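Data first, discussion second: the structure below is written as structure tokens.
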């Protein structure tokens, strides 16, 4: 069964170029002996921020006096294989589609054998720090996001 | 915009009866001043386990010598309103549909004003602890799950 | 063997009056099957904040435009008994000694059988949000802290 | 003010040779804008395990059918400087003293400027997985630990 955000798996998985390495920490396991299901979302967040840093969007969002911040509007993960302590994973990130003030980000995690262990997606929206309302991408932002795609 | 798992919001939200209370911890906030987006999944897990405990399914899964454990096959969250430190939330849980060896669990979080702050869903599959393969519900399990719906 | 911050265990443990209840979450266990050693510090933080809220010190610290925040200068935990999933604990908090701009906070966790499962202490310092330097307690703060002791 | 476990800071800090790199994740910050005080203990755990892996002690502990596991008997952290999102830290680990079935492990975290941002220590005890009682080091273990010192 395919996740609804993946039309053709081969095509979808081949479109990633950016990735970030993580190692599964002991404190991220649970009493069932594997990676707890809440942890991939922390990996997604770290990898997404690295991706936005590389694109050049992160600086203004991290500035406490900056006008806008990115917030996650929705997030999902499909767990394909169990993951265990000390596994080295690569978390791939890509911008799938760019909206008016939002971006749909896709994720793919591979283990050392090259197996895809989980996939995911989620929409990130740029909002005003004070207003809480969506703030459209500037043309410059949009260009940066397009180039990264 | 509605999440794909919600056909009619009124109907959907009225079908929950079980809930668990949580308070947002300081360590669950992030530097944007709100609840970090990874935390609702920990709330979902806690509330889901309380729900399974009430149904009577949890005991054998928690027994280290038990044959089967439940694993999360997929999980998603839709963030409707920002949540802040010290908010008291009720995390509602219901079994939406029951499969052969799986169950589709839905979630809804309400704040003290009665506003729905995030919703979610995810499939839980019963697998063999050793085999890692799906293990069908017994008739007794199925009855417990049906009654809880 | 006694922790250095406990002179007489009977006296020390009898001096707590404030406590906060927590239940051990599944995501807080690790692959050794027990509560991960990093989690008591999150319980300490939550219980400490509840304690400061009750005293009346927390409001100005949580105000984003407030001048001062409390920071943890040091923290320690002594693990006396293993703790497992779903145990209900009471986390006790007391102000042991009050310094110029700091306070030494002690912690004690009891399980449902009344057994002490871990203890701890740590110094909290009030600093200026911008300066990062220690800010002495006002006479009013000191009075609140003394009364709570 | 010095932590009680540090006699001479110059000597103490010069005795570390093993270290592990970590980057501060966004989800590890809190609403005060800095690294939450509970997180250094997760860094300590990861670095300690890497250290034990390098020594050669970790394999039998991670084997689910192994007789013994290491548990943390106590743990403490002294926070010297505030740490922020995305800082790259090196977490140093050393075995300070070796007991009968325990080991006193010391920690030191340095930022990119070479500043020591927090230090810590804690005792790790080898216990029987079933008995929960202390299990003395073998001569072979003791040799490995001595060599690593």
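A few points about this structure:
Per-chain numbering from 1; labels A, B, C and D assigned in written order.
The working rule: a residue touches a chain if its C-beta (ideal position, glycine included) is under 8 Å from a C-beta of that chain, and two chains touch if they have at least 3 such contacts.
All figures in this text were calculated on a predicted structure; none of them were measured in a lab.
Between B-C and C-D, more contacting C-beta pairs join the chains of C-D. Look at the CA centroids: the one farthest from the centroid of subunit C belongs to A.
Here subunit A and subunit D face each other with the same set of residues for the most part; over half of the interface numbers are shared between them. Remark: subunit C and subunit D have CA centroids separated by 22 Å (rounded to whole angstrom). Subunit B and subunit C have Cα centroids lying 30 Å from one another.
Multi-chain contact residues of subunit A (touching two or more other chains): 26-27, 33, 36, 38, 42, 45, 85.
On subunit C, the positions that touch subunit A within their shared complex are 26-27, 29-31, 33-34, 36, 38, 85. Looking at the complex, you find that subunit B touches subunit C at residues 23, 25-27, 33, 42, 45-46, 49, 62, 64, 85-86. Residue ranges of subunit B in contact with subunit A, taken from their complex: 3-4, 32, 36-39, 41-42, 45, 69, 71-79, 82, 132.
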